[in-house]
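Each of the two complexes below includes chain A, the first together with chain B, the second together with chain C.
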Partner chain A sequence: MSSRFSIVALAVAAALPTVASAVDFSYSGFSTAAYSQSDTNLADVGYTSQPDSIDKGGSFETDSKLGVQLTAKFNDNISATVQGVAYTDLTGDFEPHLDWAYVRAQATQSLSFRGGYLRAPTFMYSDSVFVGYANTWVRPPLEVYNLSPVYQLLGVDATYRAQLGAFTVTVNPYFGESEVDVSTLKLDVPEWKGLATTVNVGSFQARVGYGVIDLETDSNSVAALTDPLFAVPAALCGSCASEAQKLLIGGARIANLNVGVQYDDGTNLIASEYARSDADGGEYFMPDRYSAYVTYGRRFGNLMPYATLAGTRRETPLSTNAISIPALSAAVNGVIASQGATDQDSYSLGVRYELPSFSVVKGALVKFQYDHIDADGRGNLNNVQPGFDGKIDMVSASLDFIF
Partner chain B sequence: MRSLKSILSVCALTLAAAGANAEVVVIVNPKNPAASLSAEQVAALYLGNSSTFPEGGAATLADQPESAAVRGTFYEKATGRSAAQAKATWARLTFTGKGTPPKELKSDADVKAFVASDPKAIGYVDSSAVDGSVKAVLKL
Partner chain C sequence: MKFTVHTTSMLQRLRYLAVALLLLVSSAASPQNNSFAVDVIVSPSLAEITLDRSLLRAVFTMRVREWPDGTPVRVFVLPDDNPLSDRFYRERLGMYSYVLRRAWDRMVFTGTGFAPTVVRSESEMIELVRSTPGAIGFVRKRETSSRARPMPPRWQIVLLAAPAHE
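And then the complex of A and B:
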């Protein structure tokens, strides 16, 4: 990633002096300073695999961000945008990332193309979850937003927008690849394709998204299990090979389906999403799940109280009796019992308060949020320790700016 | 006779309302083919749901400064949203590459000059600032 970043930076720097006179530059930025603290050290709340996520010791790392965006508009139809965002990644370091870097071409009034680093529109707010100022919550409902292992796409997308009477229809196909460094392994996505379709009418928006992610990885932490499972002759254990596939992240394919609705009449805000993750391979680490949430907020001037209900349900069984060799069966069941999300419900209550803007700060707001999580086992949580009773109470405060 | 009376009383009421509440007028360049725009069409532009005029031409949006009362009145009446809500919407669009926010100008006079000089421009000003250099397409 960093070498690609320097090539892009070099190309931009080399091109700047020659085109600067004809180019319209604009810059803008956003930031979130957020602190959260829960009532337990036996489980952490955060993005899947995020180290140092939220526990009793408190966390500034999980949701704090600083983003800066520079756009160069070459003419009415061609522009280039670079957005760098500093945040705590899945290796646990707060450091800058090249989150977006793309060239955009407006082909016709209704059709545009982009190529470069993009955020895929997997869920309704996937591409804007880092922009705290634009969002209702301190963080998106993790039951839904943890369903995709990757968010950044290196590839191309197209946006087609049609006006059909009172309806605005937007079709957004995308295609590319991805990679992500988790503290324990590196995930590669050699192919990622999907489509998001949105319909807006008046205060109402409905959206359907579908994406397919192919996964590869440089390491197999359970080779000691999968090698013997593949080696067992099918005559002795007919299901051993297919059970081994369920332990392999490399070669797995994840399909994400998402249906979202939003109603915002200026006073009332309702947002709800249903999402599924279906794995073909690797199910024992990334189980098949479906999740949903509904948020209601009501504005009183600059103050908006909001409430969210969310839940996720696991469909992949929590044990297997398909392996006829006792030692292997016990070892595989041990993995299933310790890996992958299980059922979880949560509710959140919060307030979002718009502060007056000042100086270069174009917008400022403060949010306070209380979350109650009720997990069945380890739920959708990180670093779960023995003795955890599944219940977490958590408070968060954030200060969000745009500039 | 009775109908003339009622028309006159409606006119009087309208004038009284205009006096009590300063009117906001949406303006475009005189070369713009649109004779009028609906509040819904203006809202679609200023909330980023559309980037073109109903006839299909690209639109360049002008905004008033945050300190100007006309800005709040415009967003409330045209979009049903507060100016702050529109700002959050534009933050989402800006940082996901889906739109360019309206260009913030300093005054009615600046907005009028901007709209008068660009055939693609649209803006809004206090009704007292409208003159022949621009075309009024919607009164709010």
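And then the complex of A and C:
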């Protein structure tokens, strides 16, 4: 990570002009103070594999964030931005992270390039998911937003924007690498590439995104299973090697497809996304899934009630009969039964209320949200315990502001 | 005697009430209310621009980066808590100010764009729009606005005169 920091620092330094007086500095920030509580201790609601997420004991950490951003605008074409955000990461620690750090070059009015730490536009709101003020919900629908295990990209992207009559078309290719620490292991992404295309016309926005992630990891927690599976001669078990591959996160390739639409006429807001994740390798831990949600909100002055329906479906089977050796088959099926998300539906009802801005606070709002989750087995939940009946009721409240 | 006095008092009250109602009705459609209407102002370089509500919304949500002639779009706004801002956003764009704020902040915090330039006063707005090619802003409607051209009829676009030194 330190060498990556150095690369970014060098890039930023290289972009610094010699005349400091020409630089236009600006700062801004955002914060979310949130509390959520569910009605059970038998399962937690949170981001994938996140320990100590939302349960009956309540959580201030899961959705709370504090972000500060500094932008140096050298001229109309070159700027550099650093954004630090304190949030609860996938290891469960609430600590500061360098979330964005990039140099932006506006080549033409239609074309810009960025290099450094970015957020890949995997989903429609991936890049702004931490900015509570900019989001409708207390947290984005996790059925969709938990589909990708990584979100921060160290690399480059380009944004090309064209006006075609009433249509504004934005094309955003990106390329780079990533890494993320989750509770039990460290995921490396040596290569991550993708493309997001957005079309805006009037109040309507449509978006298609596609990205491919190559995964590596520093540990193999199921080596005791995969090693013997690979060792079995093909003549005895023709599928053992391919089944072993489905247990390996290292070497897996995940393809994420996302289609999103949004209609916002200033009074009515409709947002919907469909996303699917297809794994080539490692699918017993990161199963093939498709997910969707639809949100409707209506503004009444400063008040906006909203409702969301969401669901996710697992396509990877929950058991396998492809392993002809009984002992290995039982062990592999035991792993499959305990890992990876399963089907889940949820609905949410919430309300946002805009508070008057004051002093340096440019905008502030409060949100209250009720969620009902209906999971088939583990669903999209963490830390699921025996006896869990799949149903969770949860309430959340947040105060979001920007400054 | 008492009866007469009472009648006079009632008539007087009715007269006051009628006057108050008249004042109320007239104030609802008074020039005072019109004087709070909003003009869109554009820089002298945009003499031929045609703005409908859809384009205006795209411009103020910072989705349009350049005008059809290639001039970069420069958007100037008043602070969010200025009543004129609220009026302009609601009446001309059909949006609440916080919806715009949300769109701008999303761009700022995701590096996909910049928020409009906030000016402190209408006079500063006029000066900056007048002197900045491709600039657009809004001010309180003035009856003395010169070269006003209604297009479309729901609002006026005021093309500012070029600065004296140009």
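A few remarks follow.
We adopt the following convention: the second predicted complex is superposed on the first by the 384 of 403 C-alpha atoms of A that agree within 3 Å, B and C clash if a C-alpha of one lies under 4 Å from a C-alpha of the other, contacts with A are read in each partner's own complex, and residues count from 1 in each chain.
One rule holds for everything that comes next: a residue touches a chain if its C-beta (ideal position, glycine included) is under 8 Å from a C-beta of that chain, and two chains touch if they have at least 3 such contacts.
Values in this document were obtained by computation on a predicted structure and should not be read as measured data.
Overlap between chain B and chain C is detected when the two structures are superposed via chain A. In the superposed model, A:N200 makes contact with both chain B and chain C.
When the two structures are aligned on the shared chain, A:Y102 is found in touch with chain B and with chain C.
Touch criterion not met for A:R253: it reaches neither chain B nor chain C. Using the contact criterion defined above for the overlaid structures, shared-chain residue A:R276 touches neither chain B nor chain C, since it reaches no partner. In the superposition on chain A, A:R313 contacts neither chain B nor chain C. Looking at the shared chain after the overlay, A:Q163 reaches both chain B and chain C.
Residues 28, 30, 67, 69, 71, 76, 81, 83, 100, 102, 104, 109, 114, 118-119, 127-128, 130-131, 133-134, 159, 161, 163, 166, 168, 200, 202-203, 265-266, 299, 302, 354, 357, 362-363, 402 of chain A touch chain B in one complex and chain C in the other. Contact residues of chain A toward chain B in the complex are 26, 28, 30, 67, 69, 71, 76, 81, 83, 100, 102, 104, 109, 114, 118-119, 127-128, 130-131, 133-134, 159, 161, 163, 166, 168, 200, 202-203, 265-266, 299, 302, 354, 357, 362-363, 402. Chain C meets chain A in the complex at residues 54, 57-58, 63-66, 68, 70, 72, 80-81, 93-96, 98-99, 101-102, 105-106, 108-112. Those residues of chain A lying in contact with chain C across their complex are 28, 30, 67, 69, 71, 76, 81, 83, 100, 102, 104, 109-110, 114, 118-119, 127-128, 130-131, 133-134, 159, 161, 163, 166, 168, 200, 202-203, 264-267, 299, 301-302, 354, 356-357, 362-363, 365, 402.
Those residues of chain B that touch chain A in the shared complex are 40, 44, 49-52, 56, 58, 66, 79-82, 84-85, 87-89, 91-92, 94-98, 100.
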